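In what follows, structures are represented as structure tokens.
Below are two complexes that have chain A in common, paired first with chain B and then with chain C.
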Partner chain A sequence: MTQKSPYPYWFFLPAAVIFLGLFIVPTVASFYFSLTYWDPFEARFAGWDNYVQFFSEPFLIRGTLNTLFFAFVTSVLKTILGLLLAVLLTSGIFGQSFLRSVVFFPVLVSTIGVGILFQELMHPTEGAINVALAAIGIDGPGWLTNPSLALFSVALVDVWRGVGLATLIYIAGLSTIPNDYYEAARIDGATRWQLFWRVTVPLVWPATTTVIILSLIGGLRLFDLVWAMTRGGPGFSSDVLASVIYKQYQAGFWGLSTAGNVILFLLIALIVAPLAWWLNSKELDA
Partner chain B sequence: MTQVSLHDLRKSFGAHEVIKGVDLDIADGEFCVFVGPSGCGKSTLLRMIAGLEGVTSGTVDIGGQDVTHAEPSKRGIAMVFQSYALYPHLTVRENIGFGLSLARKPKAEIAQEVEKVADILQLGPLLDRKPKALSGGQRQRVAIGRAIVRNPGVFLFDEPLSNLDASLRGQMRIELTDLHARLGATMIYVTHDQVEAMTMADKIVVLNAGRIEQVGTPMDLYEKPATPFVAGFIGSPKMNLFEGRVAEQQGCDVYGIRPEHLTVSDDEGRWKGTVRHVERLGADTILHVEAEDIGTFLARIEGHRSYRPGAVVYATPDPAREFRYTSR
Partner chain C sequence: MKARFTSLTAMALALGATGVSAQELSILIDNTPASSGAFTALTEAYTAKNPDVTFDIEVRPGGGEGDNIVKTRLATGEMTDIFSYNSGSLFQALRPSRTLVPINDIPNLDNLNESFLQTVADGDGNYYGVPYEAAMGGGILYHVPTYEELGLEVPQTWDEFMANNAAIAEQTDKAPVIQTYRDTWTSQLFVLADYYNVQSQEPGFADAYTANEAKYATTPAAQAGFARLQEVYEAGYLNEDFGAANFDDGVRMVATGEGVHYPMLTFSLANIEQNYPDLIDDVGFFAQPGESVDANGLTIWLPAAAYIPQTSENVEAAKDFLNFMASSEGCAAIVSANGATGPMLVEGCELPDSVPRAVSDMLPYFNEEGRTAPALEFLSPVKGPALEQLTVEVGSGIRDAQSAAELYDADVTKQARQLGLPNW
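Our next item is the complex of A and B:
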């Protein structure tokens, strides 16, 4: 038996140190601090108290349902719109490169900036959206002031901001589909709809998997856009788990908010891991 | 009756004309092979017949109908692609039945048709496999099955064997020839491999730079090549072609003699040369000979002869098999 030289492992070391310092240590520390009452000066062991208290929070159920609703709606819309935009932007239409830049541009803008901008655009009386609707005789809703509409409005803004990335992933996926598949289907008499549904959709599945997983993770842990646009309001109507956790942190319940973060982490893992496995199992075998 | 007729067919990409006026008639049930070097326009011509490539001018008639501007699916054709174009997410059964399912045929009818084709191509045990679980030859057969199930008047093949290894190519050549005999359909086959063309075709169309150089049976092209290009392209090893002084001595611009039509002797002959390289093929031996007065030429001799590089040999052309081309 020859012993393996340790030399290659030195190349692994920098990445390992960064991963350990920035991921493993904070994750383990989070689990530890979630079992304590802590502040910058001390940490007292609290057992499962923080978890018990978190689950007895009156707005927890609303926050969880909002989180799931938000993640579901934004993932579905980003997936469908991303695919349709990618098909359009690879079809050779006039100004294709310019339009690709336009679609991708919102991805580059700061989320807080987008939130503040849309807060103004969605103002019930002075916002550009309702002013434009009023000009054509439509009485626009209170996008962010109506409790039953606020979260959906934030979701629409998140889709606007994130659909560029989904489109980019789909464009990359579409470019890997050989033209022969389309030509063979055309000879077989496929209509445009059949080409899309029977050829494009199944063959672009790996991109769909990526878009769904990324959108879902982003949706489940979303905080900044909700906070910039509604701060979880009106009332608690647009609170998501992350904003509930942040409010607990603001109120000085650091151990409680850490427990909330651990629960959010587990929730994301429990939803995304089996979904990713299922989506990957459906992936075609080239 | 599914004859195919092309009339003054032209195709340009911008200012660049790639098909420069092709007139061709392919009879019903004929196995016609388009052959030529890379970039000669043979695949473009096939795609124009399929309707996958637009026509700049001229007409395409299939079965007596002008289909120049018809959709590919309305031309009564089926095509086998070089890449096979098998859908990786579908089983063999679904791939073969794909066209029928697009046409919304009843499931029972699709199943029956697929089984029939699977019997013809011996694909029965593979019907529930995905393409990734098939060998190259099996994928090729599935691609052919997908074409057969459409029951087309004309089969189009675009270099279908080029992804297979040499022995499988030989086997598939025989299978395709048998299939043609069984189906009796018109087949148009594109290849850059003159061996495929010679062994499979009823009619060979030699293309060069977007034009037809010559049309004929394989033996026509071998025995009476109309141009130096055809002479050099058809036959393996290639015909020896000489220009300049050697051709002038023969009273022409290009003088040609096939390697197998040279008699090689150790003692005497028209050209004296030195063996530079020996290819031993078992049944034949090919000598690469360098002669002072004419340059390098190939000579093919039957069986195994113990020539070594450096040996001096004499070669004499068979006078009945010489070709002389003049550009006038």
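Our next item is the complex of A and C:
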């Protein structure tokens, strides 16, 4: 039986107006503008030209693969490291609250600041990382200047920056697991490994779902960190969809970049919606 | 009592009247030191002559972000009375005949250089802008003491240039060629500054290119710019950190002699003058050499200009200010503020007797007929936005010259279609 809302409908009106004006109208308008040649002075109807152009953009395939690679790598690392850190930081080790703050701290720092900082740290000859490596006799690579390494370096920085949030979600998730399960398992003679694998992991699954979905969406639409660290370079080697789109906007091709945004929106929806459904279906009734 | 009241009223009215005739002109300029130097000097000189007119100078970022600010403010009618912006293909993208006020009727228009005027004109014979900078050369800055030490001559052909590089690589531990790809725009010089050589071999290239008939990939003279970049990379002549170095590093290297050749625009001399004033005369300049000694000349960049938007409410006052900019007096104010980085394109505007060495290396090209050619972006509205990424790829050995030229042709096609140019 559906419960009748205690509020009259006009209570929803202010929120509905804001939602319509700031979200629905621009979204619908963006579908229209993606079909035009649009610059500050006019919008000429272009049919599907922008979509055809976007899909024939030689760097788009590379950008798409890079985006998927980036989202996958960062989600996996954030999930695994986040869970392990959360287990460590709920185990009652010395200085636990201090360490929790340390892990969470990078989340609070401006992404652009993080990007610029690591751009300096990763300088091939003068950066702190390679200077430290040189001190122990290792010839460090060009983290951001080697085309096959640049995207991976950005991904590592993104994990460093984002793992705190994953850890926080996991800590919240772990605290909801009743101690009874662990006690019962221990009485049955479960090892520490079995406790982790058979009790913690299944019961913390809702947190895992949240972490994966959030970091996947974050990874697919990532822009600021890539732009601050490499601007998609060297050449196009660390371009992601969002940076390709931004470059079209910067060149004044507003219609084309809007088409790119529609494509990015569809891509995220196509990947995340089924994944969310699948992950949720695996949740246990705890 | 009554008389006193009347005289007070008269005074108040008189004050009010001055308030009306005093005028404030707003100006939007980009954030380079050269622009702020020029406009500060110009507005001070103008106010000294016309005390009624004061100015409000607003600064905007440069690059793509600045393009968006200028276009958005023009489109929404929020533009200042006067604004600074590039000439050439970027100027054309502002749709001048729909957004700007023609300045054909200012008395000093005749003082302006003819090839400059072509870059601030629409198709109907209207002119829109007055320059506030010197013309620039795009070519190669070099470290003079190293040349003297090794007994090298300024190269007249590309082969001589490569021979000099070989000598430098062999006899010193300096980098023969400096590249700075953290600032990606700096990677384009070998291609863009090669345009004099393209034009000397294919005189009709710019028109055919605009008409979608000539391509970089299929015109050997045009493709050569990419090939030269590849050649320099493959010979191992680049500085070790070329991927992480930025423009300031490049300027430092060529001034101090850590590197010997830096392909660059001559506006960078202002940076050397600011950061390394003692070393300014250690830096010389030559045009990017081509195939033969007989066709040696300089690719030039025409200066940015000041324009008046149609939405200005002070058009006549703004025109009078632009007219002042086009006078030798206005030009002298700019030169005294910024020094001389190249020829000023205003007639009767003399450069000081002592100019930096690289500037005096550049002036002879301007003084001889046929030894300069404007860069392609001043001859054609067609310019692809991805060139700087492609040249980084060629200069880093990620992609070869031919494939980069083909991709650049595709990029250019995209730009022309987005702009709605005919024939594309």
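Of note:
As a working rule, the second predicted complex is superposed on the first by the 279 of 286 C-alpha atoms of A that agree within 3 Å, B and C clash if a C-alpha of one lies under 4 Å from a C-alpha of the other, contacts with A are read in each partner's own complex, and residues count from 1 in each chain.
In this text, a contact is a pair of C-beta atoms (placed from the backbone, for glycine too) under 8 Å apart; a residue touches a chain by one contact, two chains touch by 3 or more.
The shown structure was predicted, so the numbers you read here are calculated from the model rather than taken from an experiment.
Because the two structures share chain A, they can be overlaid on it, and in that overlay chain B and chain C fit beside each other without clashing.
Of the two partner chains placed around the shared chain by superposition, chain C is the only one that A:250 touches, whereas chain B remains out of contact. Contacts of A:145 after superposition on the shared chain: chain C is touched, whereas chain B is not. Using C-alpha centres, the superposed arrangement gives chain A a vertex angle toward chain B and chain C of 160 degrees, stated as a multiple of 10.
Of the two partner chains placed by superposition, A:275 touches none, neither chain B nor chain C. Of the two partner chains placed by the overlay, neither chain B nor chain C lies in contact with A:117.
Within the superposed three-chain model, A:178 lies in touch with chain B and out of touch with chain C [touch as defined at top]. Contacts of A:187 after superposition on the shared chain: chain B is touched, whereas chain C is not.
Number of chain A residues touched is higher for C, counting chain B against chain C.
Look at A:198: by the touch rule set out above, it reaches chain B but stays clear of chain C. Contact with chain C, but none with chain B, is seen for A:234 once the two complexes are overlaid on the shared chain.
Distance between chain B and chain C in the overlay is 51 Å (nearest C-alpha pair, rounded to whole angstrom).
Shared interface residues of chain A (contacting chain B in one complex, chain C in the other): none. The residues of chain A lying in touch with chain B in their complex are 178, 180-181, 183-191, 194, 198-199, 202-203, 205, 284-286. On chain A, the positions that touch chain C within their shared complex are 37, 39-41, 44, 49, 53, 56-59, 123-125, 142, 144-147, 231-237, 247, 249-253, 255-256. By the touch criterion given at the top, residues 64-65, 67-68, 71-72, 74-75, 93, 95, 98-99, 181, 184, 240-241, 243-244, 385-386, 389-390, 392-393, 396, 398-399, 407, 410, 414-415, 417-420 of chain C touch chain A in their complex. By the touch criterion stated above, chain B contacts chain A in their complex at residues 50-52, 71-73, 77-79, 81-83, 85, 87-89, 98-99, 102-103, 130-132, 146, 150.
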